[in-house]
């Protein structure tokens, strides 16, 4: 898909277990996406690794870097791999930046790809399927089978998954 | 996604290893889709298991059963899990049946979900993302990162993956 | 093996990912050992779950509980699943307790069974193979392919594995 | 363990899925044992790949090759990875060859390492633990938690696992 760029910013999607420290750490080299592409037997999807952080540590400087990456690529369709805790902050930030003629889909994972690849794979692949068909510009979120404009979806911290935002 | 039905007809996607026979066998109970839904943490996707065969053994009677299942559901968006070897025959059959007002996406896997879930998961999830955004009726195939009208894609048996059909 | 009891005290072997907290937590229900028994297709190995802690949090009270469990069972062969960081402290404690007529093998894992089952499985299974053949009483450690009297083996924290103790 | 050689002859233990043919095939390069050693974080175990067959296809010529490999190594402790269907024939053949001063343990798997590594890993690792402690010469089998002289254990084809031989 020639018109697509995946920007990998880190988050749970990319966490790997470090047996020395006994901790889960964000892999900033994007090996999860590499593994997914190889196993999916698909043509190489263009991708770039930036920031490489847990989303709770993401700063405004990081969001500016993400915005620059989006505005400077000629690709019109952008998938952003992002930590789940501040995904809505980044989505809001990008939406207010009035990106012209861009479709941006934020996605990530509740469970690291290296612990169980299914949820992480499904979140990204459904985002890719969505951008294949979608002609509408704007900022979207793809998580747990939901793909919606970012304002219509949010993380339910107790349930540990994303759910539709209930309109009062 | 209220308007979606997954019809699971069997194929490599559903194969499981039988340690008694030492063979891979099609699981006709759809446990691969159950596992995918549970791990994806998504709302239940309506699904139905029919036929339960390797696609090389699929008969015209089986295709008729599939067609009936599609015409009799009120769902407009249909994903068909299907063996890869005769996916194009079934796609052609469905396309010629002049299904009105239906989007049908055929998908499946080169590697069984139980051996490695990544490719199978990505094929189905990208189909789900596609139908979220797609408003066009017709018969499509989602395999290995490609999602196209069925006439534009085919299985490359030597490479062991689906590729774009080259137009002469 | 009628004469064997596995006492599961916790540690990395039993850690599972909690998607709500984003942390690895010790599963005190012993589901890793249950999975191992089921997949190994073996007769049920008698096992008991006590303590359920990371080994850095293990207290003298916990070690007393372990000692009581060992002395009160009629089983002569005991495998203790234990965290790796204080395995040598517990081994020393048990050795000084002058357990009569008991073979005790401590084992555990550098990588949780739920993240990758291979190392955890191999550590326990090699301990089980060892006690099948060993007639010598005492306290042993089985980690990373080494099975030795506990004084001849230690954790190399930099390398992230157990190694033979070098005698000066 | 300096005195141990693993001779890998093939069998289900080594089967890998070929997505082109859709079949499980014996990998004659021993990648399953390589993966096990790497993940177990153990010192390299000396190993050699010969024959590379499903055990139903193993000939007397193959058994002669195995016997020569055992008699020509200076290692005293030998683990043979072997298909399960004719493991007892090879065991009997080796036992009648009156190997002097050798401990031979045959092992293998009901489920390929690449489909689920737990049973395959546990069978080999328990064999390794056994030879660490065992001083008795002879021909043994390690499968599904049982490690016994080969005459005391057999494959139960209906149950799909090895069981103790019932003495009438």
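Chains: A, B, C and D, in written order; residue numbering restarts at 1 for each.
Note that in this section contacts are C-beta pairs under 8 Å (C-beta built on N, C-alpha and C of every residue); 3 or more make two chains touch, one makes a residue touch a chain.
Everything numeric here is computed off the predicted structure, so don't read it as measured data.
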**Report entry** Other chains in touch with both chain B and chain D
**Finding:** none
Report summary line: Taking each chain's centre as the mean of its CA atoms, the one lying farthest from the centre of chain C is chain B
Requested in this report: Return the distance between the CA-based centres of chain C and chain D, expressed in whole Å.
Outcome: 26
Report summary line: Between the Cα centroids of chain B and chain C the separation in whole angstrom comes to 45
Query - Cα-centroid distance, chain A relative to chain C, in whole angstrom - result: 39
**Report entry** Of all residues in chain C, the ones touching two or more other chains
**Finding:** 110-111, 160
Query raised in the report: What pairs of chains are touching here?
Result: A-B, A-C, B-D, C-D
Report summary line: In the complex, the residues of chain A that touch chain C are 12, 17, 19-20, 22-24, 110-112, 114-115, 157-158, 160
Query raised in the report: Within the complex, which stretch of chain C touches chain D?
Result: 1, 35-36, 39-43, 45, 110-111, 116-119, 121-134, 136, 142, 144-147, 160-161
